[in-house]
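There are structures below to look over.
Here chain A shows up in two complexes: once beside chain B, once beside chain C.
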Partner chain A sequence: MSDSTLLVGPFNRVEGDLEIRLEVSGGAVRAAYANSPLFRGFEPILQGKAPMDALTITPRICGICSISQSAAAALALAEAAGVRPAPQGALIAAVLHAVENVCDHITHFNLFFGADFARPAYAGRPWHDRAVARFTAMEGSAMRACVEARAQVLHIVGLLGGKWPHTLAIQPGGVTRAPTARDRIRMGSTLTAFRRYLEAEIFGAPVEAFAALSSAQAVRDWSTGDAGLFMEIAADLDLATAGPGPGRYMSFGAYPTDDGRVFGPGLWVDGGLAPLDPGLIREDLSHAWMLGEDAHPEAGQTVPDEMMRAPGYSWCKAPRLGGRTVETGAFARQVVDGHAAALELARDGGGVLARIAGRLLEIARTQILMEQWVAAIRPEARFMDQVTLPENGIGAGLVEAARGSLGHWLRIEDGRIANYQIIAPTTWNFSPRDAQGTPGPVEQALVGAAVSAGEETPLSVQHIVRSFDPCMVCTVH
Partner chain B sequence: MNVLWLQSAGCGGCTMSLLCAEAPNVFDLLAGAGVSFLWHPALSQETGHEVRALLERVESGALPLDVLAVEGSILTGPKGTGRFHMLSGTGRAMLDWVRSLAPRARHVMAVGTCATYGGITSAGGNPASAVGVQYDGHQPGGALPADFTSRSGLPVINVAGCPTHPDWVTETLLLLADGTLDRDALDVLGRPRFYADHLVHHACPKNEFYEYKASATELSQIGCMMENLGCVGTQAVGDCNIRGWNGEGSCTRAGYPCINCTAPEFEEPRHPFTQTPKFAGIPIGLPSDMPKAWFMALASLSKAATPRRIERNAKSDRIEVAPNQKADKT
Partner chain C sequence: MSEPVPEIETFYDVMRRQGITRRSFMKYCSLTASALGLGPAFVPQIAHAMETKPRTPVIWVHGLECTCCSESFIRSAHPLAKDVVLSMISLDYDDTLMAAAGHAAEAAMMDTIEKYKGQYILAVEGNPPLNEDGMFCITGGKPFVEKLKLAASDAKAVISWGACASYGCVQAAKPNPTQATPVHKVITDKPIIKVPGCPPIAEVMTGVITYMLTFDRLPELDRQGRPAMFYGQRIHDKCYRRPHFDAGQFVEEWDDDGARKGFCLYKMGCKGPTTYNACSTVRWNEGVSFPIQSGHGCIGCSEDGFWDHGTFYDRVTDLTQFGVEANADQIGVAAAGVVGAGVAAHAAISALKSAQSKTQTKPTQSKEEA
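Right, the complex of A and B next:
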C-alpha cells in the first residue's frame, strides 16, 4: 500500500465533533492528528459573571458529563470561600456524580463502542452473530437493555437533582434538597434494580466477582455477560495490544468526602505510583488555534486565533504535566487507585482492552459504593451550609469525570469572575502536538494501527479512538 | 418518517436527555411510530466516509428527507464564516450544511434552546457568534431567514429547553409522523404548544408557599423561590412539574429556581441566576398577565394571612410542621 492521507470524519459515537487526519503507509498509521473542530468559548463567556453563575453555566459545557462540571465548579467556589460542603451534602453530591459516571460507562460500552462489532466487515467471525444480536446500533438487545437501565437509574438524579443533565443541586456548601427517609429507601430500590441489570446483562455474575478480579489474565478470561463477549472479541481482534497510550496515568481522585477521595489521586509513571502535583500543569498552545503564552491554568487565557493559522490544527490546547503527556480516564483512575488487575494491565502496556476493562471494573466497584453511600444517608442531617464568597480569591476544583481528570480554575476579583479556565479529560487525551512535537495520547496511540487496502475509515482506528471515550464538547468547551 | 440529526454547537445534552425516554424506551418508541434515524451522531453505526456519502445524497435530493433535526446553536463566527464549527471530515462549516440541507427537509426541527434561540452558547459576549436555527435570541432570523419555511410550509419547529425533556422531542416527532402538527400547534416562538401552553409554575410543589408569598431566603430552604432566589416559574413555559423529569424530578422540586430555560435569552437574565432583581424591595418581573397593583395587593394580604406552619416551613430545609400539627408560637 502506497503512502496516503485519510481524513476521518464525521467521527460519530464520540460525544461531540472529532476529525482525525491519518498518514498511512505500509498498511499502518504512521502519524495521526486529532482536530477538535468546535470552539464555543465558555471561558470568555464566564468572565465578568457573578461567581455563583458558574454553577448554572459550566454544567452546560457538556450534556454527558454535566454533573462532573457542576462538581468541579462547586469545589472551585468552595475552595475560593475556604469552606468544605456539609458532610452529608458531599455524600449526596458523590451519589449524583457516581450515577452519572456509571451511566456514561454503560452508554459508552454499548452505544458508542460496542456498536462497531456488529459491522458487516466482521461477518464470519465466530462471535459476529452474537455481536449483531446484542450490539446492532439502536436495535440490538443490549442497546435496549442499556437505555432502559440507564433511564431508570437516573431517577436518582431526578429525585436528588431535579433532572439530568444540567442540575443546579450541587452547591459549594452541599446540595439544595434534603432527602427524606422515603427517598433513601426508594433510591436503594433503584440501585437494586440497577444491580440486577448489571449482573444479568453486563457481567453475567455478581458485580463483586468482577470487582475482585486480581490479575490481567483473569480479566481477559472473563467469559460471562457482555463483558465476556467483549473479551472474546478482544482476544480475536488482539485489542489488548491495540492503541497503547503514553504509559503515564493521572487521576485527580474521585468523590471527595471527609475521609478523602474514594478513588485516590496520583500518577502512575515509569511502572510505579507517584504523587501528583497539579502545579506542574501547563497548557501548550503551539499547535492550537489559540493566541497567547503557555501557562498554568490559574493564569491561562483563551483567545482564539480567528485566522486558524498553521501550525495550529485544533481548537484544543495541549495540557502537559511536567512537560509530558498523560492519559486519564476510568482505567487511569483504577491504576492510580491501585486495583491489582488494572495495575497488571498497565504493566502489560495498556491499550484498547485495558481501557474497556478499566471502565468495567469501575462500573462494578461504583455499584457497590453507591449502595453503601445511599445506605449511609442520614435524613435528619444538614445537607447544605450557606457559603459567602469572598470579593477576591482563587479556587481550583479538581474532580474525576467519567472520562478522567477535570479541573476548573477560578479567580474572583471585585466580586466577579476575573478568569475561569477549564481542562477536561479529553483535553488531555486528545490534545494536539506540543512545542517539542510530541503528539497527544490518542495521536500516539494510533501510530501502528492497521489499515487494510481500500479502508477509508479504518476499523482499528475507530476502536482505538472510541476506547478513550472522548468527550469532544468538553475538550475545547 | 426519516430523521437526519445534526449536532451543532451545543453540549449534546438534548440527545443524552432523549435517551432517558421511558415506557417504552426511546428506540422502541420511535420505531413503533415509524420514525427512523437516517443518521444520528451519537447512535448510528455509520461514521466517516459513510456519513459523507449520505449527506451528499440528501443534499442532492437523491435521498428524500422528512425531518432535519438540529441540536446545538449555529456558529457564525469568526466574521460570518462559521469556521468556529466545521463539520468534521467535510471541510464545510455547519452553518453552510444547515443552510444547504434545510430546504431539502419536509420539516426542520431545532432541538434545545441553543438550536432554537442561541442559548447558553450565546451567553456573555457571545464569543463564537452563536445563533439559533431561525432565531437570534428574541429576534426572528438566525442561521435561516425569518421567513424560512420548510417543504411542509411550517417554520422551524422550536423544541426549546436546556435540556429538552425527552418527551418534548419524541412527542413532537410522533405528532409529525402522525401528520397532526400544524402551525396552530406552535406558539408565537415556534414551540410546540403541547408543552408550551403550560407554565413551570403549574403543579409546582411550592404552590402553597407561593399563595402566601412565604419565601425561601437561601437555597436549600423549601419555601417559594420567586421573591428572593430568581425563580421565574410563573412566567416560564413548560410542563416540567406536570410531567416530571427523570421519574419525579423538576428544578423546583430539587430546591433550585426555574431559570426559564425554554425562553430566548434565558442565558442572560441580567442578574445572577439565583437572585431575584428588585426595585424598591419589590421583585421585578412579576407574573406577566396579572396587573401589578392587584398582584401587590394580593401579596401583601396573603403574606399577612400566612399560617405559621407555612411561614416556618418556608425557611427550613424540610417540613418542620405538618398540616395536622400545631406550630409553636415562637
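Right, the complex of A and C next:
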C-alpha cells in the first residue's frame, strides 16, 4: 500500500469530538496526530469567580464524569482552606465517586467499545453472531441490560447527591446529605441488584472470582459472561499486542478516605513501582493552539491562539511528568495499586486487551469496596465540617476519574479565583506532541496499527482509540 | 402538521421489532399520559396514535456541550421508557451512540436529511460557539454552526435540549471565551422548543418528545419557549421543604440540626424560589430525589443566565416574600432584555479581541501580557 494520509473523524462513541490524522504506509500507521477540536474555556471563565462556584462550574465540563470534577474541585478548595473533609463525608464522597466510575466503565464496555465487534467487517468470525446479539449499537441485549443496570445503581447517587449528572453534594468539608439508616439499607439492596447484573451479564461468575485473578494468563483465559466473550475476541484479533502505550503508568490514587487512598498513588516505570511527585508535572504548549510558555499547572495559563497557528494542531495541551509521557486510566490504577494480574499485563506490554482487563478488574474490585463502604456508614456521625476559605491561598485537588488522573490547581487571591488549571485524564492520554517531538500516548499507541486497503476509518485504529475510553470534553474543557 | 409518509413504519411496528410486549407498551402509554399530566382517558388515544402514525425521524446533534443531556435522557423513569423512546425516535443520526463512524456517520446525517426532508425533528444538545468563525467546535472539519444550520434547514421543528442549547450555560459565562450562543440566536426560522436544565430531567425530555411524536404538534409553550406543562411552576411552589420556609425554619450551616431536620435551604443560597422547573414534583434518577432533598440548594440551572447571577451560595435577594406571585412570563420578559444587552456587549468585545489577536505573536509575547 502506498503512502497516504487518512483523516479519521468525527469519532463517535467517544465522549465529545475527536479527529485523528494518520500517516499510512505499507499497510500500517506510521504516525498519528490527535486533534481535540472542541474548546470552551472553563479556566478563563473561572477566573474572578467566587472560589465555591468552582463546585458548580467545573462538573459541567463533563456530563459523564461530573462527580470526578466536583470531587477534584472540593479537594482543591479543602487544601486551600487547610482542612480535610469529615471522615464520614469522605466515605460518602467515595461511594458517590465509585458509583460514577463503575457506571462509566460498564458504559464504555457495552456502548462505546463492544459495538465495534458487531461490525459486518467481522462477519464469519466464530464469535461474530454472539457479538452482534450482545453489542450492536443501540439494539444489542448487553447494551439494554447495561443501560438499565446503570440507571438502577445511579439511584445511590440520586439518594446521596440529589441528581446525576452534575451532582452538587460534594463539598470541601464533606457532603451535604446525611444519610439515614433507611438510606443505608436501600443502598445496600441497590448494590445487591447491581452485583446480580455484573455476575449474570459481565462476569458470568462471582465478582470475587474475577477480582482474585492473579496472572495475565488467567485473565486471558476467562471464559464466562461478556468478559469471556471479549477475551475470546481479543485472542482471535490479537488485541493483547495492539496499541501498546508508553509503558509508564500514573495514578494519583483513588478514593481518599481517612485511611488514605483506597487504590494507592504512584508511578509504574521501567518495570517497577515508584513514588509519584506531582511537582514534576509540566504542560507543554508547543503543539497546542495555546499561547504562553510551559508551566506547572499551579502557574499555568490558558490563552487560546485564535489564529490556530502551526505547529499547533489541537486545543489540547501536552502534560508531561518529568518530561515524559505517561498513560493513565483504570489499567494504570490497577497496575500502580499492585494488582498481580495487572502488573503481569503491564510487563507483557499493555495494549488494548490490558486496558479493557484493567477496567473489568476495577469493576469487580469496586463492587466489593462499595458494599463495604455502604455497610460502614454511620448515620449518627458528622458528614460535613464547616470550612472557611482563606482570602489568599492555593490548593490542588488530585483524584482518579474513571478515565484516569484528574487534577485541579486553584489559586485564590482577595477572596476570588485568580487562577484555575485543570488536567484531565484524556489530556494526558490524547496529548499532542511536545517540544521534543515526542508524540502523546495515543499517538504513539497507534503507530503500527494495521490498515487494510480501502479502509477509511481503520478498525484497528478504532479499537485502539476506544480502548483508552477518551473523554474529549474533559480533555480541553 | 404534516402528511403521513407511507414508507416510514409506525412507532408500534418499531417497538414490536424491538421485542417490546403489548403489555409493556400499554404500561408505557399510561406512564406517558401521567407524565404529561393527562388523564387516563388519554391512554387509548396515545396508544392509537402510536399504532397508526409513522414514527418521526430524529436527528440529534452535539455542539459545544458536555453530553449531560444524553446521559440524562438514557435514564428515563420506566425501565421501558428509554427503550421505547430510543426505538421510537430511532435516532437516525446521533453522534454519541450510533454505530457508524467518521465519514460514514456524516453521510448518514445527509441521508436522513434527504430522505425525510421537512419531516424530521432536529434535537440539539450544546450550542455553537461563534467566535473566530466557529473554530472552537469543529466536527467533520467544519464549524458546528454550519452543521447546525444545515440540519435545521429541512427540519420540521427544533428541540433545544438543556441550558447550553436554550441559553448558553456555563461555557457562556463571562467572559464567554468562545462566544457560545444559544440555538435560537442562530436558527430563527423554525419552531424551537426549549427544554432547559443542566441537564433537563429525563422524564421531561421523554415527555416532551413523546408529546410531539404522539400528537404531532408542539406542546404549549410559555413566553420563553419552554413547555408549560413542565416549566409552569417554581421549584419553591411544590418543594417538600416549603412548610419550613413559611414557618421561618432554615438551615443555617451545613449539617446543622436544621439540616438534619430537613429545614428550608433558602439561607444556603437555594434558588428554588426563582426557578421554574419540575424537579420538586418529577424528581431525579427515576423519582429518587432532587438536589434540595440531598441537602443542597437549587442552583437554578433551568433559568437563563443562572451561571452569571452572583455566586451559587448567595441568598436570592430579589425575592418577593409571602403571597406575591410572579409568573414565568413576567420574569422571562425581564430576563430576555438582559440577555439581549449581554449578547450585544459580547459581540463588541469579541470583535475587539479578534483585532487584538492579530498582533499577538506565538509564544512569548502573551506571557509578558499575563
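One rule holds for everything that comes next: the second predicted complex is superposed on the first by the 477 of 477 C-alpha atoms of A that agree within 3 Å, B and C clash if a C-alpha of one lies under 4 Å from a C-alpha of the other, contacts with A are read in each partner's own complex, and residues count from 1 in each chain.
Heads up, the rule we're going with is that contacts are C-beta pairs under 8 Å (C-beta built on N, C-alpha and C of every residue); 3 or more make two chains touch, one makes a residue touch a chain.
Remember, it's a predicted structure, so these values are computed and weren't measured experimentally.
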{"item": "Combined model on chain A where chain B meets chain C, clash or fit", "value": "clash"}
{"item": "Contacts of A:P165 with chain B and chain C, given as first, second, both or neither", "value": "both"}
{"item": "First, second, both or neither for A:T176, with chain B first and chain C second", "value": "both"}
{"item": "First, second, both or neither for A:L285, with chain B first and chain C second", "value": "second"}
{"item": "Which superposed partner A:A235 touches (first chain B, second chain C, both, neither)", "value": "neither"}
{"item": "First (chain B), second (chain C), both or neither touched by A:Q301", "value": "second"}
{"item": "First, second, both or neither for A:R309, with chain B first and chain C second", "value": "second"}
{"item": "Touching partner for A:E293 - first (chain B), second (chain C), both, neither", "value": "second"}
{"item": "First, second, both or neither for A:A418, with chain B first and chain C second", "value": "neither"}
{"item": "Common interface residues of chain A - those touching chain B in one complex and chain C in the other", "value": "7-13, 15-17, 19, 37-41, 44-45, 48-50, 52-53, 55-57, 60-64, 66, 111, 115, 118-119, 136-139, 144, 147-148, 150-151, 154-155, 157-169, 171, 174-178, 304, 306, 308, 315, 382-384, 386, 456-457, 462, 473"}
{"item": "Chain A-facing residues of chain C, complex", "value": "18, 62, 64-72, 74-76, 79, 82-83, 86, 91, 95-106, 129, 131-132, 135-141, 169-171, 173-178, 180, 198-199, 253-255, 259-260, 279, 284-286, 288-296, 299, 301, 307, 311-313, 353-354, 357-358, 360, 362-367, 370"}
{"item": "Contact footprint of chain A on chain B as seen in their complex", "value": "7, 9-17, 19-22, 25-28, 31, 37, 39-52, 75, 77-79, 83-90, 120-121, 123-128, 130, 162-163, 218-220, 240, 244-257, 259, 261, 267, 272-275, 317-318"}
{"item": "Parts of chain A lying in touch with chain C, wherever the complex brings them together", "value": "7-13, 15-17, 19, 37-42, 44-45, 48-50, 52-53, 55-57, 60-64, 66, 86, 111, 115, 118-119, 136-139, 144, 147-148, 150-151, 154-155, 157-169, 171, 173-178, 285-286, 291-293, 301, 303-309, 312, 315, 382-386, 456-457, 462, 473"}
{"item": "Residue ranges of chain A touching chain B (in the complex, touch as defined)", "value": "7-13, 15-19, 35, 37-41, 44-50, 52-53, 55-57, 60-64, 66, 107, 111-112, 115-116, 118-119, 136-139, 143-144, 147-148, 150-152, 154-155, 157-169, 171, 174-178, 180, 304, 306, 308, 315, 382-384, 386, 456-457, 462, 473"}
